[in-house]
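Just so it is clear, A, B, C and D label the chains in written order, and each chain counts residues from 1 on its own.
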Amino acid sequence: MPKKMMIVDPERCTGCRLCEQVCSVKHNGVSNPSLARIHVVKWDNEGFYLPMRCQHCRDAPCMRSCPVNALYRDEELDSVRINHDICIGCKMCVSACPFGAMGWNPKQGRVFKCDLCHGDPQCVRFCDMKAVDYVETSKMQASRMREAAENYAELMRKHGR
Amino acid sequence: MKIVIVGNGIAGNEVAFSLRERTPEHEIKILSAEKFPEYDPCSLPYYIGGDVPREVVFRRSLDDYQNKNITLVLDSPVVSIDPHAGAVVTAKGEKHFYNKLVLAHGGRLFIPPIEGVDRQGVLSCKLLGEADKLSEHGGSTAVVIGSGAIGVEAAEALKKKGYVVYIIELLDWILPALFDEATARRLEAALRTYGIQVLTAEKVLRIDGDTAVTGVVTDKREIPCDTVVIATGVVPGTALAQTAGIEVERGIKVNSRMETSVEGIYACGDCVETIDACTGEDVMFQLKHNATEQARIVARNILGMNATYTGAYAFARAHFFDTHAVTFGKTSRSTACLLGDTEVIERENGKDYLRLILLDGKVAGGQAIGTYADSIGLFMGAMWRQDDIKTLRKNWVNIVRAGSPYPWIYRKMGWLIGLSATDVSSDAAAVCQSF
Amino acid sequence: MSSKDQKIFVVDERKCDGCRECEKACSHKHFGVCSPRHSRIRIEAFGDGDLFVPVFCQACGDPLCIKVCPMNARIELANGAVVTDEDRCIGCRTCVYICPVGAPVENPVSGKLMTCDRCAEDEELPLCVQACSKQQALRFVDARVVARTTARECAARLKAAYKPPKVPE
Amino acid sequence: MALNRKIAYIDLDKDEIKVEPIPREWRRKFLGGRGLDAYLLYKHTPRGCDPLGPDNVAIISAGLLVGTLASASARTHVMAKSPLTNLTGSANMGGFFAPEMRWAGFDHLVIRGRAKRPVYLYVHDGEIEIRDAAKLWGVGIYDTQDIIRKELGDEETQILCIGPAGENLVRFANVMTGRKNAAGRTGMGAVLGSKNLKAVACRGTMDIELKYPLEALEYNKEVIDQVISTKVSQIMQRWGTGFIYSVTNTTGLVRTRNFQYNQLPHSEDIECENLDKYSIGLDGCFGCQVHCRHRYVIKEGPYAGTYAQGPEYTSQGAFGAEVGCRSMNTVLVGNHLVNDYGLDTLEVGSMIGWAMELYEKGILTDKDTNGLKLEWGNDEAVLEMVRQMTFREGLGDILAEGPLRAAAKIGPESLPYLIHVKGMSNLHSDERPTPSLALNIAVASRGADHLRGRPAIDLYNLPMKVYEKVYRSPDGYEGPLTNSYSEYEGKPRMVLWQEMVYMAVDCLGVCKYHTVFLSPNHPAFKEFTQLIRLNTGLEFSEMDLWNIANRCYTIERLFNLREGMVRQDDWLPDRYFDEPTKLGLPVARGKSIDREKFKAMLDEYYRLHEWDEEGIPTRELLERLEISDLWPAQN
């Protein structure tokens, strides 16, 4: 299976927060963005929207801080996942994660985080702007380069070199 | 569904009450060989020693069972299982039918084949009934045979009651299953400072006395005494399982869902043989936390939730008077036969002692006495995460630099294993000055 | 369930300057003295004052200390705190050893172990958190918003990277 | 459950808050949102009450499906007796307020009385606090929201508020949330202002439980795909609603220079394509994939650097065609100003356009305007008038009273130039070539309004079978239908059908861009039944929804009748009949509404509604709809 990664593009995000809603429904069966694993951080007075979600870090602070190794790397999806059978709910990962990707569900007494929906992230599926996208790692760099090149070309055209 | 649980110990009760927590349905019945509601065997030495009153050993009252609609049948040891009829038979000849059966009857005290073990005054403290006897026993000199955790705790309890106490250990050092020699010797020394006689590498030959105990004879000496406490360990109860044709080795064999080889019969607690969560080896850690964990897995599987048990882990502490020690994972002795580079990190500071056993750079076990013990949790975490201590050493500069992304626990671990002693100022006096 | 029951502590080590006001507040509330030995929260200091970490009971969802305590003295309160029942505790420190951060502290008066009780009923905010109101290293926040709050802080740091200054046309 | 949200009765006179569950019976009869609001308004206001007095109730609500997996389920509905028309006051808006209110545990806030000092409400996780808003008084809506968020220490708080216009009781003041989401019509902002209620802040973390969550997820995807697969949605996704301006202006359907023309030539600058220069991206309401508006930054003038959202089609009309301006900058600045002040952009455009025509005709003079040259295309004058209206200075103070009251002050000679129905100005569209749209604005329950029953797809001249499929369902209508927008036949049915479907989406809290408004292929009753079932578990047939919509619409009608509306109010200004259009394509040029045909259309409309010839619902209808206890009105 090709390795894919989640990327965000705040320029595309329209701030509709559908990703948050579908995430909470998919994982918890309820609509409640505070249970979502993705958060659209919005600056309403600047119109800047940045979806924040788990980066599935290689050297993940949450994994490092877990005292019982309940967080593990799923090699198939290259994601960081929780084994709830092991998790003791100490919340060290909540404090450790710099991205705010670790949430705490007081009702269940357990932490939660993005699991990439087992390879079919619902946030990506529902985002028609593709402000969050799940792309093949190998193509990622190339597409970003192309974007940059196009912007550059545009500037050159505009300023007549 | 009728659920019958054999055994009213930690595991049996945890199964019953976790089931009830999840569903009000199903008939739940616990068959107990004893006459009490659930009590905690771990706490018996402290009751004997008078640290706590007797009622504290109980984890539940009879009302708790009633309130949760759990039937508790007391004084009914189960003698056989008929898996075809789906019934168990008690010693009184009563039949109890089940749809799901849970074996949680634990183990029984191992009674060494020594002459005179049936004398009056030969006691133990695994069961509450025995503990009651020991507590009421009015002796003055006690010999504790066996120096496992129970033995040491019993010795402490008796010392507190004013006994002259001897501990006799067949092997070379006390707490042999839990601690390495280096640690154990320190504990022995500590025990001696409290006035407990510790005799290691010594074999009890017989117990003297006509009806009551008058002394213990070992291969090295004779000890006059009026009390003998048997603390030579616990063997898993497997006989009952064998009546149902359940596969048994040292303990009852279970799969990862805690189900025995016979469908519909689960087992958990001290009577089962499971895997080590770290190494995957077949092990028997007869420890309370494992029993609890296994019991919850059983409860979930009975309800069809398909939970898998990740394995048991060794974690035990030894504590007497103001000496505190802890051990986890493997000892040097148990790693000696494994492939791979082993390394032992030792740190000593007065009475405090830390011993870490590394296998291929990764923490495989550890022991600690005193203040080092208070931070042992960090190393247990390192063991679970399989943190490589070699990498910790290599990355140390990164870990201690300001703004390091490494969680603080790495700094503390590094300090504890002596990477840079100046990095932590734990001097309480300095702290107090700041107020 | 009141909103307090849903709250959890969040630590930001980067903000802790080791002032130990939390220890003072805690010991003063529970013992009437200002002494770190009497505090259920303690500051671990590393290096030359470049890292201070408040260590205290995390009140785990499935606490290991409850499982291992031989006396069954560790109990969960309705407000989520996990505390020691002093009538049962014998001071064996098993809870300290099993704890991932070694949080329980010996009560210097009784010799038994103690952990954070979240200033149970009588305070709006735990006093250590109140004492840290300036540094904000220690916060007691609604569990439902904790992820979002952290995400916002992080996003604020990332914003500059994502949002290059506008190129004039 | 999505149904366990509460209703709060807030009495600002007594500082009392009473929280009650919503009876299941109400859900069956009114669903929620606008439908239930209409019922509550009818029950809780005394007949003939002063709209700006303490007896009027302001109802803020979220629809039945808000916050659930129904795409764009984001609408907040605000209802009260209108200070503009003295009839039904009702407006809804998107944004994020309504879902947040539901996560905080409430569906309806029924607010009566008048606070002694400025206050705002803080609604959070099942609790409501009344808090002091003294320092917010006089602050624009952008800053109000920033200040409240800072005060509450939670950036995620969603705030509904009024601007200076609402505080100054401008009779067409908005209730706003976010940067531009406006509950814009009928002066709901003035009602809140009269209650000294500056804002309602919401923050919630409570679950909205869905009946069949995973099925709802899949069905939501289907609905989204259905919505965004249509051309019109794709265009809106790219250009926003501004595209409508280009289309209608080309055809000749844009009211220009008040009502003198129907097309503004050479106005390329204010067409949506030009927005790209200012836009930094598009913006969506909660859960919406259509994201129909721009985030833009003003580039020139005293407001350079200001960030705002929009402008919608309506702002292009209000600050473009109606006042004869051709500058995108004016549209952008005007849009920003009305949003920040909390004014209804439509009403503002109409009032200024009207004033300009009066100035042109000499009815208003330099003396009235304090020397302001109210000439067509005078950008500065337009923006100055916005300010004057908000702060009630000079001529603005008169215009702030709304069309009829202003006309009364200026004099009867100004009346013929007023484009209004029931005292509310029309959108800047010109309906003379389109009888169906004309009928809609004449009969809409809140005055001249396009969002009550505009059959916009009538403009497309689609094949008959498309219209038949839409307009004959779900009750099997068998009367006439025509597919040419210049016809009169069959149009009453179209208006009626649209009234029902818009009422249904308003009850559900779904955006109108997600139903049959701009595209015949968007979801309607059939999809709604599924959305309701999967999200809430309530089972309704399509006919049930139709009947609910009919019931709610009838209550609005009853409210209007109770407050004194008569048949003559369902009528258009004379200029619609007497002045043929002058510009546009051949289909739109030289058109006017035929009085007789229009009267016949109105009769047909009443008949279809089962109202008598005076427009009063028949006894049989009321009994069938189980609301016969409401009429004749007792209070």
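Criterion: contacts are C-beta pairs under 8 Å (C-beta built on N, C-alpha and C of every residue); 3 or more make two chains touch, one makes a residue touch a chain.
This structure is a prediction, so every number in the text was calculated from the model and none was measured.
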item	value
Selected interface, B-C versus C-D, where C-beta contact pairs are more numerous	B-C
Distance-to-centre winner among chains (Cα means, whole assembly as reference)	A
Farthest chain relative to chain A (centres taken as mean CA coordinates)	B
Distance from chain D to chain C - Cα centre to Cα centre, in angstrom	50
CA centroid of chain B to CA centroid of chain C, Å	30
For chain A paired with chain D, centre-to-centre distance based on mean C-alpha positions, whole Å	37
Geometric centre distance via CA averages, chain D-chain B, whole Å	71
Sequence positions of chain C contacting 2 or more other chains	64, 100-101, 144-145, 148, 152
Set of chain D residues in contact with two or more other chains	155, 205
For chain B, residues that touch 2 or more chains besides their own	377-378, 380-381, 409
Chain-to-chain touches, reported pairwise for every pair that qualifies	A-B, A-C, A-D, B-C, C-D
Chain D residues touching chain C - in the complex, by the definition given at the top	125, 154-156, 205
Chain C residues touching chain D - in the complex, by the definition given at the top	3, 142, 144-145, 148, 152
Contact footprint of chain C on chain A as seen in their complex	10, 33-35, 39, 41, 43, 48, 50, 52, 67-68, 87-92, 94-95, 97-106, 108-110, 155, 158
Interfacial residue positions of chain C with respect to chain A in the complex	5-6, 8-12, 58-64, 80, 100-101, 143-156, 158-159, 162-163, 167, 169
In the complex, chain B residues that touch chain C	40, 42-43, 46, 51-52, 56, 59, 288-289, 292-293, 315, 317, 319, 324, 326, 373-378, 380-381, 400, 402-404, 408-409, 411-412, 415, 423-426, 428, 431-432, 434-435
